[in-house]
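Next come the structures, one after another.
Both complexes below contain subunit A, partnered by subunit B and then by subunit C.
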Partner chain A sequence: MSDAKLGIFICDCGGAISSVLDTACLETRARGLPNVAFAQRLNYSCLPDGAETITAACADHGLDRVVVAGCTARLMSRHLQRSLPVAGDLVELADIREGCAWVHGDQPAQATAKALDVIAMAAARAGLGQARQPVSGEVAPAALVIGGGVAGMTAALTLANAGQPVVLVERAAALGGALTKAQRRNGWGGRIEQVSRHPNIAVALNSQVSDVSGTVGRYTVSLGDKQFDVGAIIVATGEPLAAQPGAGILAHLLDLRQDQQGYFPEVRYRLRPEGYAERGIYVCGAAHHPTDPREAEIEAISAAFKALRHLRAGQVVNQAPVARVDPALCTGCANCVEPCPFDAIAMLQRAEAVDLAQIDPLLCTGCGNCVVVCPVKAISQPIDSDAQVLAQIEAAVRTADSRSADRRVRSTNGAGSEPVRILVFGCEWSGHAAAELAGANKLSYPVETRLIRLRCSARFDPLHILWALYNGADGVFLGACAPGDCHYIDGNRYAQERIATLSKLLAANGFDPRRLRLAWITPDDPRDFVRQVSGFTELVAKL
Partner chain B sequence: MSTRLQQEVWALDRCSGCGVCVAACSKGVLYWNGEQHPLLEERTKTLGLTRIRLRACEVCEKFCELSCPRLVDWTPIEARSMVSARSSGVIHSGAPNDVIQALLVAARSADLIDGVVMLDMDRYTLQPVARVASTVHEIVNSVGMQYLWAPVLSALNEAIFERELTRLAVVGPPCVAEGARRMMNAEHDRLWPYRDAIRLTISTFCTGMYTPDMVADLLERGKGIDRRQIRSLTTSISDSALTVTQWDGAELTIPLTEVEPFTRRGCGSCDDYLGESADIAVGTMGALAKHAAVIARTAVGQLFVQNARNFGLLETVAEVDEEALAAAKAAKDRRARAQAFDEFRILMLDALSDPAKRSRVNKLFAGLYGAAQTPAGKKEVGYVSCGGC
Partner chain C sequence: MITLTIDGREVQVKEGRTILEAARQQGIPIPTLCYHEALAPFAACRMCLVELENRKNGALAPACAYPCEEGLIVQTDSEKVRRSRRMTIELLLASAAHVPLIRAMADDLGVEAPRYSTEPDRCILCGLCVRACDEIVGVHAISLVNRGSEKQVSPPFHIASNACIECGTCVLICPTGAITLADITGKNGGTVHTWPSPFDATDCQVCGSFYQPALLEKDVAR
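After this line comes the complex of A and B, so read on.
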């Protein structure tokens, strides 16, 4: 048992919660949870006096972790994590408003029971929580611009005028790219002059990038036999990419996605997980779609300013819960290398018996795929650690005395009108987001559900699911992003494979695989979430 | 049907490919088709136009389960003696294969054995084969194990029942020694012919066996080596490399990471590097330069080593880097953890329908996920439930 000292603060939310849930009962019951040193009801935790009360309680009772039971984490966790005196990751939110009061208003008793479970889950999670350590790295104070057309020249000039040293690489013997003679006469020619004379720009004509190595913040670029370090790379290679033999190589070197015509399309920013380190690689001009010189110019300036912000920061910071390898446990099996969607894992070869997996902390986005893949659990994450998720599962399914596998064995023999217990694992970008939205819209869904929020469906661990079923969950529902929408590239594909395998194993062991379902959930369609979860709960209740 | 073999070994990619189940199957329904594990033959009978599926794999003592080395936990047999050795007959060599050959030739000459079941390479197709050799000539002519996989023990029936050999040595990677050891310890009298015939097991140190297409895909296409030029392949744990020796003497070292994709899947969960169930284990690790380490783990093993020395076919020096060998053994603990997780999964699946297994699941859970978890008993007390007040 950990020696954490937990404080639990239960919001009435000005009646929004207390009109449905019996918060006084929750307060009393919460005091009985493991590791809880203090529990109190508040009107609003999110208002300044709420934060003051919590801060004072932390000082008085020596609390080192705080659970605030109120609204969803998405709404208030940032605010509370900033305003409370414990490390951000040690503040947990138990969602008893959108997750209970607003969706189970017609069943106050069951909703209160669920709220207690939700608080117990958050408390179990907080008790085992660790503060994440942001990882930072230096940014090399120089930029590389690939391509000497309008976009490349403009980007180089913008950076150089801001005082950054720039290397401009052009494949042809002269600058200017696809500009016509007329265009050169009509003003664009001056730009070529400016670039070639600028003290901060080194122009390399007749050159091609032969290799790029290194990682975020410091890329080592090879031009023939010359090597230098840069912090940012701007790709402005111009239009007829499909015809250029070097384009594919460049895409490979810089790990850029290429479309069918050979363009480098934009990264879908909406699908980018927050908080991970900026790569420092930008595409502008006709390299990512056909442009005229004016458009290329604007894009180049935009890309250059993005690069400038990155370079001027001087360091890259990765806020993601970076996965770590325990060298004492790693078997060197290399299973984790290929599943890493961001190529952050490599094997370190050693003279002794086994190689070791190594995770580049700046490239890791904390999706958790490697944690699931690792056959010995030598890889761990500070957030959503195995211990935390397992403790949450136990808190979610073990509470009621009647819950056990024995009960299920009985109920299959015909006794079964008892309430079921459904565990919902939700990717925070889809399944869980839709659940929160359902709460905000006060769309009712079955009160038998208990939600666990994870960063990505890649983190749905078959061992966790089995542990939930083993501990008495009647069904496990998994909400993941639809194919193509994964914020960690293809975490949902991994989840799909794993769940298919697990279903087969369950069926082979005489366990009804219909009790396990993976569903594609759209984050902005709460009605679909409600439909799917309700359907699943009904099905499980009938089994 | 043997569900244990299908679910606990094949489905989890744990099959080592030793081939012992194929030999032991009383119905002869298991066969190889270049797969990661044996296949179950579907037998049909035609009556008129009706094809009836025969239940070939039923009503059986499940000899496959009695023989499969992956279904038991292995405790290593402690080494009785460890020496650095090299062959000193016609060939002076410290290559493990030559040392093994010296041991076998001496044993055959002294009539301690009358045949060998071994992993060999066919000289014409250059494919790995499971071979039975019964004369000194055949033993000397074998190329030896090249870390290319073939189901060695599937040849046991040819040796014992067709060629009627009665004193066999079995040579192969550690999993083959384990398979043979299960036969030697067999309690079922139908397996006694195997038990009585196997006299000696010799294992090489092993980091994993490769599927035969490794030669074509990696060495021929990838590295441009003609397979006819390959004299031998050796893997070394200490250098993490595969060494390809060619007939012209040239040597090429390939990092094991490159060879990894060709490793048999079942090798991923194996935890025996050092042939810990064999009478004699032979490998380069821990040996003096130009020698092979020879570990005799049983009295029988010691006798065979002494016999080869008496024949003047083996020179030994009592000097071995025990630390290096201990380090390799330590790696076993890590793999054991991987197996424990596998077992945890299987047990949880079983426990869903069989509450009797719950105590083992809880115990394993505490062991794997550490002391951060509260003991199961306490939890029930700790969590409170809403009484609906």
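After this line comes the complex of A and C, so read on.
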């Protein structure tokens, strides 16, 4: 195994945890886990004294990764990552408060056994953890504005007045776009003058963008036979787009989404700000939705300032756990290209060799979809790596100890049936979020569940599920975002297809397909999560 | 190290620790509402007020934000402190009596029925959601807007916020269950999570060629 030196710190949380769980027992048992060099009980890991104790232990025992067994990762991990001396990705939280003490308070023995599993799972994960490397790129100090109407001229002027060189491309022979003669007489005409004479603006009339290549931060724009680099692109092509022959090509070149009328609706990331690099492509004016000149002007200023902030930052940084391709393993099958929700993967054609998948590290958001589809496992991710997930599954299903605790308690309670073990994979935006919320609300759910958090349901890997079932899990429950709610566009749709196929395979191989269930979970409805997980556990117990 | 006295117990702490941190390490309970270990102190709810016996004529100070001082004598459960907390919880009861957490805290302090009542509102303006959105998630999609009795948690201009990533951290941290993802502002009907949806457009009835939002169709035809 790895040569990691792990420290495990178990919180009493002023009694919130230790009043239910036997934390002294957890401390002793944690010392026996693989790679654990040190384990200690603390009152509070989250308070400054706790952080100092952990920091000192790291120095004294040469710890290079830390598991804090305490409360929910979502609220506490960033705070701990800031206050502890190891890299953020090497700090794991084992949720024994919301995940154990608060939801299984009436079954302390089983709750303690579950907590030990939860700690073992976090330790297994931490032992194989890698610190992600942020990726950065330069931003070319120039902007392209497409469209010479009110929105385009305003955006160009705003950027030019702020000192940025701007290229303004207009398809027609004159600036002004859809402005009427009356509007030109009533003040808007002056803007055409201003734009034409501005030293920072190069106006290209009778021109169309023929190609855009490059990536975030530096796009190479072709205008006929001319080529130049820009860091930001503002699309202000006006309406009606559906009637404009070039709109579809533009949408394709800039990877913009078009609605059924041909407008470009907002491209919005529902990811944490560090999870992606700013693309530097903005839409304003009537290209976005029908506007009058005044509204187009306001939108253009807003878009220009967004672009300005991006240009002035000078570089883009992507801190997502970017997937990587092992060139020695890639067979050039191109399976990974289509599932990537952010079009980050392209095939590189090589002379005298098979094609090679290449992932643009600035565009990758680390959802893990490509990792799942790769048939030869050539793609890997630093967070939620295959090794980590498999190790977590093993820790969850193989700990004989908590099963015997289950059995003991059941036999004393007179419940005769064999204890079951349910693995719950949760997308961090839905299934896992609802589980945490159930914990915070102290809503009890079956103690037989073991929770594994993944970044997206696209990462629900059939291989992991099979591994779990073959290694003794009695059921696998997958909590994903409802259709349309996926933060990585359509990861849940991929999950649905994969689970459907896997169910058929299971049935063909003698497993009851009811042992596998994919459920749509609303992140803010913990009662629904409890209902679904309880129902599934009951069903599996009867099989 | 600093030596101070909390409830008659001599306590040694490092410089910079707050009274609440010192008390927690000693296992001395101080009730809190707007405090969270992962966030900077906010001192808004006034539930953690403690009496500084030998400072400022026994003034009350928020334990979550007040740094320990050498020789300080702190009372966390004196009559003066309890009176202040009873008043605070009574004011919270006026609007949030139906929230189990507030009810339980009121019971602990022996407050039964409040003398005041306003429109029921689960939100107690502790600001945890706003600070979590800023400090933990890093997107700052919601803020505390307006003043006094008009104060509320809201995305900018009470409309769906483009900054919101629908992570639900605000829902998780809210101590009173006041937030769901679909509707954060309640009264104003604003949401934090609807996407800018594509509107229905149609052929213009006047010129026949341009697309226009279906909503405006009637106005134009008229």
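The rule is simple: the second predicted complex is superposed on the first by the 519 of 543 C-alpha atoms of A that agree within 3 Å, B and C clash if a C-alpha of one lies under 4 Å from a C-alpha of the other, contacts with A are read in each partner's own complex, and residues count from 1 in each chain.
Quick note on the criterion: contacts are C-beta pairs under 8 Å (C-beta built on N, C-alpha and C of every residue); 3 or more make two chains touch, one makes a residue touch a chain.
The shown structure was predicted, so the numbers you read here are calculated from the model rather than taken from an experiment.
S.K.: Scan A:L128 for contacts with subunit B and subunit C and give back first, second, both or neither.
M.R.: In the superposition, A:L128 touches subunit B alone.
S.K.: I'd like to know which partner A:D386 touches here: subunit B for first, subunit C for second, both or neither.
M.R.: Only subunit B; A:D386 stays clear of subunit C.
S.K.: Is A:A440 touching anything from subunit B or subunit C once the two structures are fitted on A? First, second, both or neither.
M.R.: second
S.K.: If you stack the two complexes on chain A, which partner ends up touching A:W429: first (subunit B), second (subunit C), both, or neither?
M.R.: So A:W429 only meets subunit C here.
S.K.: Now for A:R29: first (subunit B), second (subunit C), both, or neither, which partner does it touch?
M.R.: The first partner, subunit B, only.
S.K.: Answer with first, second, both or neither: which of subunit B and subunit C does A:E394 touch in the superposed model?
M.R.: A:E394 contacts subunit B only, not subunit C.
S.K.: Looking at A:L47 after the superposition, I want to know if it touches subunit B, subunit C, both of them or none. Which is it: first, second, both, neither?
M.R.: Once the two structures are laid over each other on A, A:L47 reaches subunit C alone.
S.K.: Report for A:L463: first if it touches subunit B alone, second if subunit C alone, otherwise both or neither.
M.R.: first
S.K.: Applying the touch criterion given at the start, work out whether A:A482 contacts subunit B, subunit C, both or neither, answering first, second, both or neither.
M.R.: In the superposition, A:A482 touches no partner, neither subunit B nor subunit C.
S.K.: Which stretch or stretches of subunit C touch subunit A in the complex?
M.R.: 13-14, 16-17, 21, 24-25, 27, 29, 36-39, 132, 135-139, 162, 164-169, 171-173, 177, 179-182, 195-196, 198-199, 201, 209-213
S.K.: Any idea which subunit B residues touch subunit A in the complex?
M.R.: Going by the criterion above, the answer is residues 7, 11, 237-240, 255-257, 260, 268-269, 273, 327-328, 330-331, 334-335, 337-338, 341-342, 344-345, 348-353, 355, 358, 361, 365, 368-370, 372-374, 378-380, 382-386, 388-389.
S.K.: Which subunit A residues qualify as touching subunit B in the complex?
M.R.: Listed in rising order, the residues are 1-2, 22, 25, 29, 32-34, 109, 112-113, 116, 120, 128, 329-331, 333-335, 347, 349-355, 375-377, 386-387, 390-391, 394-395, 398-401, 405-406, 409, 462-463, 466-467, 469-470, 505-506, 508-511.
S.K.: Which residues, counting only subunit A, touch subunit C once they are in their complex?
M.R.: Contact set of subunit A toward subunit C: 14-15, 43-44, 46-49, 52, 72, 74-76, 78-79, 239-240, 242-243, 259-263, 265-266, 268-274, 289-290, 429, 433, 436-437, 440-441, 485, 487, 522-524.
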